[in-house]
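Heads up, the next two complexes both have chain A, just with different partners, chain B and then chain C.
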Partner chain A sequence: MRHMATRYGLWLLVLLLAVGFLLLGSGLDFDYVIPKRLTRLAAIGIAGVCIAYSSVIFQTIAGNRILTPAIMGYEAIYLLFQALLILLLGTQSLLLGRDGNVLLSVLLMLGYSWLIHRWLLRNGSHNVYLLLLLGLVLSMVMGTFTQFIQLKISPGEFSIFQGFNYASFNKAQPAQVIYSGVLVAAVCFIAQRTLPVLDVLALGRDQAISLGVDYPRSVRLQLALIAILVAVSTSLVGPTAFMGVFVANIAYALAGTTRHRVTLPLGCAIAIGIFIIAQYLVEQWLNYNTSVSILINLVCGVYLLALMIRTRGTA
Partner chain B sequence: MSRTAVVVLFVVLCGLSLMVGVKQVSWVELLSFSDDAWLTLTASRLPRLAALILTGVGLAVCGVILQQIVRNRFVEPGTSGGLDAAKLGILISLTVAPGAGAAGRMLFALAFCFAASLIYVAIIRRIQFKNTVMVPVIGLMYGSVLSAVAEFYAYRHNILQSMQGWMLGDFSKIVQGNYEIIYLILPIVVLTYLYAHRFTVLGMGEGMASSLGLNYAANAALGLMLVAVTVSATVITVGAIPFVGLVIPNLVALHYGENLERTLPIVALCGASLLLICDILGRLLIYPFEVPIGLTAGCIGGVVFLVLLIRKYT
Partner chain C sequence: MISLQHVYKAYGAKHVLSDVSVQFPPGQVTSLIGPNGAGKSTLLMLIARLLTPTRGDVLMGGRNIADVPVRDYAKRVATLRQSPDFNLRLTVEELVAFGRFPYSRGALTAQDRVVIDEAIEFLSLQPLRLCYIDELSGGQRQMAFLAMTIAQQTDYLLLDEPLNNLDMKHAVHIMRALRRLCDEQGRTVILVVHDINFAANYSDHIVAMKGGAIHRHGPVDQVVTEANLRELFDLDFEILHSQQGFVCNYFNPSPSRELT
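Up next, the complex of A and B:
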């Protein structure tokens, strides 16, 4: 019962936050302020869902609670790819932005996640910290390559690219929001139908197989979903680094069960709540004197550090 | 690779580094004492060479000291928060005391780097069941929290963009007159060499070190101080260069073992050689422009680090 109360209470809280975010200090201006805020709110909702789903599913497949797609370099490779596109095709690659770019990025990230899964996760390597270290160093190396490409592109293209590099909801365009919304809704629909399979996958490879799940096929499907979600969230709000770990772990703690039917929606609520609070703080209190990504990195980085020191290597 | 080969490689790289550049310098001109050629050499090429060698030696030696203190192969200033703390220190000195010169900024960077290293070592010592790769992971996380603080601070003061520019290791601004602080590394390296046996004993752990009559806390603090001076001097003059302190000691230990008094000179030479290679590459890749060494060293060092990790654990 207590957990039920937490669940519904949390969604209620998020709803209140959303309404507050829309109306507070808006002067009830329905022509300009509120539509603008609605766009931002929609972007926040989509990004929150993306981050929560991709992190929780990834942790289920990887079988631990610290790795997330962002840490394993998914976002870094997305940014590297965008920089390459701008370098090779110039800014018109952004015209390709709507369909071609997303499709290409998703394909690329699919390949990447297949590699990661094949080489690192399956290799019987149960050392989480090794994977974590590999992911962090890999992200750093890809970040360096991205910076190298930035050197080569012209200042105008550079400033466009710079926009990708910081999480911000202010740049979300209505068309892009609708487009991403449809994509994410489709992904969530598929994920929703595979919830029982996900619960079984969480038991580990051998148990899942002995319970009659087509393991390779289900994992491939889930990895594909993750690739799409990360591509959407990175293109919408930029990299979010440690946010996923934070969201997923709080969701597990509050859910009191490991059923994905419960943890996934809870994760979404938490992610959306955090984004709304961060955006509100940035807009109203800090007067745009900081950015959402810096705030979130600060809080979530400290949390992850504490998490690792507390678990003392037993994770 | 034998010791002589290391020395020969180093000398050849030094020669190359003096010769490569946008301004052509030929031996004929030098021998005929052309003023122009000599000016290029003394005002730009030689200072650059000195800075490169000192930075490479300093960073590699720093890595060794930290690895002995923390007793972990994968620790270096970049994976223990030291680099990020030094950046934060410089940033704060820029806003708190804008008038302070290089020496003032250096002091801030030094204080921050030293404090951050102390905290890091304290955290690592508190964790009881450590896992070899967990230690650098915690260091990287710690570093990214420190740099998030720095970014927060920089964003508020509107210096984020310039911060990203000057924090990246870059030797192209080194000319006569603005790099001399880097010579601080020289006494540090000498001290490290004199105390090499102490650091070797330190690497055996607190119990062993104490029973051999070594004041553990004092020596560890001395080591961290040496590291902090080196790191802040390099960050002030050239910016952050990751992975050198990690890759070189590991590669050297693979071939020559762990006796510091014997291997320290090789570590130093190899560190300098790696930076020279990265710098020459950086100067040639998009000639006549330059790629900052932070990028070339980050790519090469990062890839070597990944290879080391994968070879060791899979």
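Up next, the complex of A and C:
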């Protein structure tokens, strides 16, 4: 009962936060302020769902609670792509337009994910840990390339690149929000139907196969869904490395169960709630002097440290 | 009946199993015994389809198991490995319910609940029903996992070292439960056991393996002899018979005592 109350209470809280975010200090200006905020709110909702879903599913497959899909290098390749665009085309790269850029980024991240899966499957093994290791190494390599490019571009171009480096809800355009929303809704629809399979996958590879799950196929499907979600959220709001660990672990703690039917919606509520609060603080209190990303990384970083120290103590 | 025909398993250049052909009699408890690295677990994992043979076929009722869809296979064969480091927040009841996954794919029916209750009752786990798995002792946890495989209602049960790290009481509980599954419900049980005395006293059939090949196989009284065991384990054995069964003594069997 207590857990039920937490679940519904949390969504109510998120709803209140959303309404507050829309109306507080808006002067009820329905022509400019509120539509703008509505776009940001929608972006927050989509990004929240993406981050919660992708992190929880990824942790289930990896059997590890301090990983996020960021370790697979999705964000690294996004940043490398942005850096390359600026290096090769200069500030003209902005001529691609936001839509063109976003579309290319999403395709690139999906292609990247498809490639590393192909490479691993050709090897004949379905080892998730090998996949993680490969992702980690590739993301470091790409990170280094990105840094190198940063040295080659001019200060003006660098400041543009810096904009891609942090999560922000201010750059989301209504059109982009709409098609991101449709894509994420489709992914969630598919994921929703595989929730019982996810519960079994959490038992580990051997047990899952023994219970009749086509393990390689299920893992491939889930990794593909994760790739889409990460691609959408990264292109919409930028990299959010720590956030996923934070969201997933609070969700597990509050849910009192590891059933995905419970943890996934709870994770979404937590992610959206945190984003709304952070965005509100940045907009209304800090006057855009800092970014949402810095605020969230600060809180999530501290939580992650506490988590590591605590689990070490019990181990 | 499950049978292996000329099965090879190799990791790169290392051969774990070479030319293994063996049959497992249905409706009996079969123990796989042998020294470490003999390929017992590998053999079991091949039957469980957790590994695929490099060469050769594993047949179930004359059909190659690789041709059976995973879903259907889970209704015929249930596997229990050493229970892994478990950090999921699950109750015993929820864990046992996973045993019904091959049938209901996550949406439990009334029939499923009956089977779950029976499995829990079979192992007398009612007092632990609502306990969380990560709060149980090793023995209780192993019982809970066994209940899950029982709820899977398969003809075949495969167990990889189910007695590992258990005290004597829990080990005996598990072996008695397996015996009853075989005698009362006619299931075929195949398990890897390291304790020769458990294998000898609770099984019908023994498959002894050494160096990736079958060393001996047959009914217990034919395989478990002093000469066979000495050859298999490179240890001296003394087999003591009593009315309740027999004990294989390999700690200080009389021949070596005479030497000292």
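Heads up, the rule we're going with is that the second predicted complex is superposed on the first by the 236 of 315 C-alpha atoms of A that agree within 3 Å, B and C clash if a C-alpha of one lies under 4 Å from a C-alpha of the other, contacts with A are read in each partner's own complex, and residues count from 1 in each chain.
We adopt the following convention: contacts are C-beta pairs under 8 Å (C-beta built on N, C-alpha and C of every residue); 3 or more make two chains touch, one makes a residue touch a chain.
All of these numbers come straight from a predicted model, not from anything done at the bench.
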Chain B versus chain C as contact partner of A:195, first or second or both or neither: second
Comparison of chain B and chain C by chain A residues contacted: B
Chain B versus chain C as contact partner of A:305, first or second or both or neither: first
Touched partner set for A:141, first chain B, second chain C, both or neither: first
Doubly contacted chain A residues - partners chain C and chain B: none
Chain A to chain B touching residues, read off their complex: 123, 125, 127, 129-130, 132-134, 136-138, 140-141, 144-145, 147-148, 151-152, 241-242, 289-291, 294-295, 297-298, 301-302, 304-305, 308-309, 312-314
In the complex, chain B residues that touch chain A: 74, 123, 126-131, 133-134, 136-138, 140-142, 144-145, 148-149, 151-152, 155-156, 168, 242, 286, 289, 291-292, 294-295, 298-299, 302-303, 305-306, 309-310, 313-314
Complex interface listing, chain A residues touching chain C: 65, 195-197, 199-200, 202-207, 209-214, 252, 256-258
Residue ranges of chain C touching chain A (in the complex, touch as defined): 48-50, 70-75, 77-81, 84, 87-90, 94, 98-99, 101-102, 105-107, 149, 152
